[in-house]
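Look at the two complexes coming up: chain A is in both, with chain B in one and chain C in the other.
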Partner chain A sequence: MPERYELSAPEVIADLIDGEAVAIDLTTGHYHRLRGASAEVWEALIRGATEEEILASAAGPIDPKSLSDFVVSLCEESLLRERSSIDPVAVPAWEPGMLELESFVDLEDILGIDPIHEVDPDRGWPHAPDA
Partner chain B sequence: MVVPGPIDPEQSAGSRLVADLLVGLEGLGCEVKLCVDSMSPALEICESFQPEVIVLSWSGISARLLPALQNHPAALIYLGHDLAFRRVAAGDELKQPAWSGRAEVVRLLEERSWRLADLSLYPDPLEASYVESVVGPGSALGMVPYLIDRDRVADRSSTPGRDLCFVGGPLHAPNLDGVEWLRDNVHRNLFRSGALGMLHVFGYWTEADLRGDLEGVILHGPLSDDQLDEAMSSCRIAVAPLRFGAGVKRKVVHYLSLGLPLVATSVALEGVHPDPEGGPLALVADDPESWRVALLRLRDDEDRRSLQVQAGLRAVESGYTKAAYYRNLAEVLASAKDRRQRREGVRSAGALRTVRP
Partner chain C sequence: MNDLAHWLDHQLQESAPEATLSRSFGGRNVLLRGDDFEELQQISWALGEASAIARKPSVELRVLGEVLRTAPIPDENAVGPYGVVLTLEGTGWRACVDVDEGRLLAYHAASRVALSAALIPEAPRHRSEFGRTLLHWLATDDGNLVVHAGAVGRAGKAILFIGPGGAGKSTFVRVAVGAGATFLGDNALEVSFEGDGVATWGVYGSLKVRPPLVLPDAVALGNARHDADIGKDLYDMAAYASLGEPHAACSLVALSADGPRELTPLGRGAALFALGPSTMVQFPLYGPEVFAACGQLVRSLDCWSLGQLDTVEDHGRILERLLG
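And now, the complex of A and B:
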């Protein structure tokens, strides 16, 4: 696994909304919510923090495996990619909690379905194939 | 012009908006290239074609491509269609999805497009004003959305019968919700009692699209423009039972241009160009009883039917003719180029715009 990550822009855009992180994959139309500790870790990751830097800034005990699994889930959804720079990142203290990526697929029609790769072969665009 | 996929003007109002814009631009003497993002590399085409203006339709496309186009010399126009976040918010109020933050997600995408484009376009001038209130004066303009063929405009207030017509594609959530709501809460009882005839639903519908039974409902599949207008024109009353949505609804302009008496929700009438003489474009109904009363009135009241149809035809004549369309489009292009030049001036002065990836 890479040491440092960044947002998979421009295919993915992200922002904070009312303290919750939101990431949108514009190629699939899938969107993701990260709350609480998940949002704080997400923000640190897209700024380039390593897992070690994030663990070191935790204000309480945390299982390193839960963090690794969380990072894996973000990479599997193609939200993160490897960052070329290796500059250390200062991570604000954060309160450990459940690390979870909540994923939604119910806005594909608005968020950017890929008409070629996600099209129903019989009905054509913009009909998405059945799951 | 960059669109997400092949356009199908007979199937969706969004495609119709794009198709009319293509015709309008060519009518103004522009050389236009339509770039289907999924089939051809939009950015490479923009580099090789060197257009003066790039129009990006669909927020998913524009939010992805606009960051890469910031240094392109062309003026960048985001074709907004409607404020989708408002449509999603209104729909979610009715349907209560798993997460109430869906509208904010859509807004995030739309606001990104507003801020990265030189100009955003909305058929509803009030929605353009909203964008200006967020991004700044001059950042958005209202556009004349549709080129109405004046040959098709006619007064059909004397059409006999008791049938209703609805037009709109099933993939647009407000259409599906509106048809099911009208069928279940208003039409079925009136149909069973014989007070009203069939509800014709136009717009590429299949039985799989509509939940529940089809009693009193006729779903129509693919039709050409001529076939559609002819079939709609044989109905006594047009309906627009949209309980949520945003922007100008093409179906309403279509009904008015066909000279069909209309019952509509207040949501459906948002943004429609008014009759310059102040006449009523429709009977407005937002609950089942109001709908029942309005439908029965338009079934029987010939004076009211004629009053509405004449008002609708004047609204179409003043707001949706080719002259109005071309005048507006020329203003849009000039404004976009002007804003692009000013952005270049700001850049030359060293105040580069900060773009978050």
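And now, the complex of A and C:
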């Protein structure tokens, strides 16, 4: 696994507001939600922090495997890619909690389809055929 | 320059249709021009009923006829996602085509002229798919956003309602308008960012409700005509609308069937989650720009969560709290 990551832009777009992150993969149409500790770790990861740096800044006990599994889930969804720089990143203290990537695929047929050629002929965009 | 761009340049110079109609479309004035007045009326229906306004148009939509048969519409290989003609990049034009149906919408940003044509007569709702694309392009060019939301206003202030289909946007809008609020939209709204504030502009002048009515005891809004294809009743809201005038957005309410029965503060990240993907699928192209603008929008508003309410009085109470 790479040491440091960054957002898989421009294929993936993301924003974080009030401690909650939303990420959308424009190629698959999958979109994702990260809340609480998950959003804090997400922010640290896309800024280039290593798992070690994130673990070191935890304000309480955390199972390193839960962090590793979380990172794997983000990579499996292609939300992160390897970062070339190796500069250390200062990670603010964060309160450990359940690390979870909430993934949604209900719009993949819409975000991924061509609205001119691949829509329901009777109902039009944004309805996919047989939706 | 490619053949299609040459052809579009020629049409821009040579097309001089006779019949005209003017419509308010978002925050701008659209001049519709064509040779067939009936055709223009059909298209204006698709763009949305609105009162004609006399100001200088901010965009001109020219409806072309049989001349489209001479257009060098590219084969499938030159058409990218959403029917966008990729080879027009750098020519000053952007265009969507439907190769199979012979439909074209092209927009020349420098002159703010759009050309639209279809070889096969289409139902108005099919035309509106291209009309929606034009609205989206115009809004994006102007730094605005077309958002998947309903809205009502009063005394220059507006509430936005977001949520998936069936969450209650149209019901809340219908009840609020029956109680005296101004209709701004039930499903689409243009917003512009001005300093720290957000101005909202109504776009379409119709309200679509799937029968039977939820809360049938709300004030009636007149007769509806039923569109069997979409299974909804359509109300002409011209008498209740303010399509050419902005309202300052103050609150965003995320509606859901299982939400709280009282207004509950909603984190702006949660609001973005409810708004961003939904808006992107309603208004394709410029996904990153649309998503960023959705983030800017939720950062600018007070955000709330609300479930479905049982009575007209409950809706009125929420309206008073947010707009009173």
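Rule of thumb we're sticking to: the second predicted complex is superposed on the first by the 106 of 131 C-alpha atoms of A that agree within 3 Å, B and C clash if a C-alpha of one lies under 4 Å from a C-alpha of the other, contacts with A are read in each partner's own complex, and residues count from 1 in each chain.
Just so it is clear, a residue touches a chain if its C-beta (ideal position, glycine included) is under 8 Å from a C-beta of that chain, and two chains touch if they have at least 3 such contacts.
This structure is a prediction, so every number in the text was calculated from the model and none was measured.
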Q. So, does A:L7 touch the first partner chain B, the second partner chain C, both, or neither?
A. first
Q | Contacts of A:E20 with chain B and chain C, given as first, second, both or neither | A | both
Q. Can A:P88 be said to touch chain B (first), chain C (second), both, or neither?
A. neither
Q | Which of chain B and chain C A:G60 touches, first, second, both or neither | A | neither
(Q) Touch test for A:L107: chain B only (first), chain C only (second), both, or neither? (A) both
Q: Give one of first, second, both or neither to describe whether A:R33 is in contact with chain B, with chain C, with both, or with none.
A: both
Q: Report, in rising order, the residues of chain A that make contact with chain B in one complex and with chain C in the other.
A: 10, 13, 15, 17-18, 20, 22, 24, 26, 31, 33, 104, 107, 110-111, 114-117, 119, 124-126
Q. Which of the residues in chain A come into contact with chain B in the complex?
A. 7, 9-11, 13, 15, 17-18, 20, 22, 24, 26-27, 29, 31, 33, 102, 104, 106-107, 109-117, 119, 124-127
(Q) Under the stated contact criterion, what part of chain C meets chain A in this complex? (A) 79, 81-83, 96-100, 103, 125-126, 128-129, 132, 229-230, 267-270, 272-273, 276-278, 280-282, 284, 287-288, 291-292, 295, 298-299
(Q) Considering only the defined contacts, which chain B positions touch chain A in the complex? (A) 4-6, 12, 36-39, 58-61, 63-65, 67-68, 84, 88, 97-99, 101-102, 104-106, 108-109, 112, 171, 356-357
Q.
Touching residues of chain A toward chain C in the complex: what are they?
A. 10, 13, 15-22, 24, 26, 31, 33, 35, 39, 104, 107, 110-111, 114-117, 119, 122-126
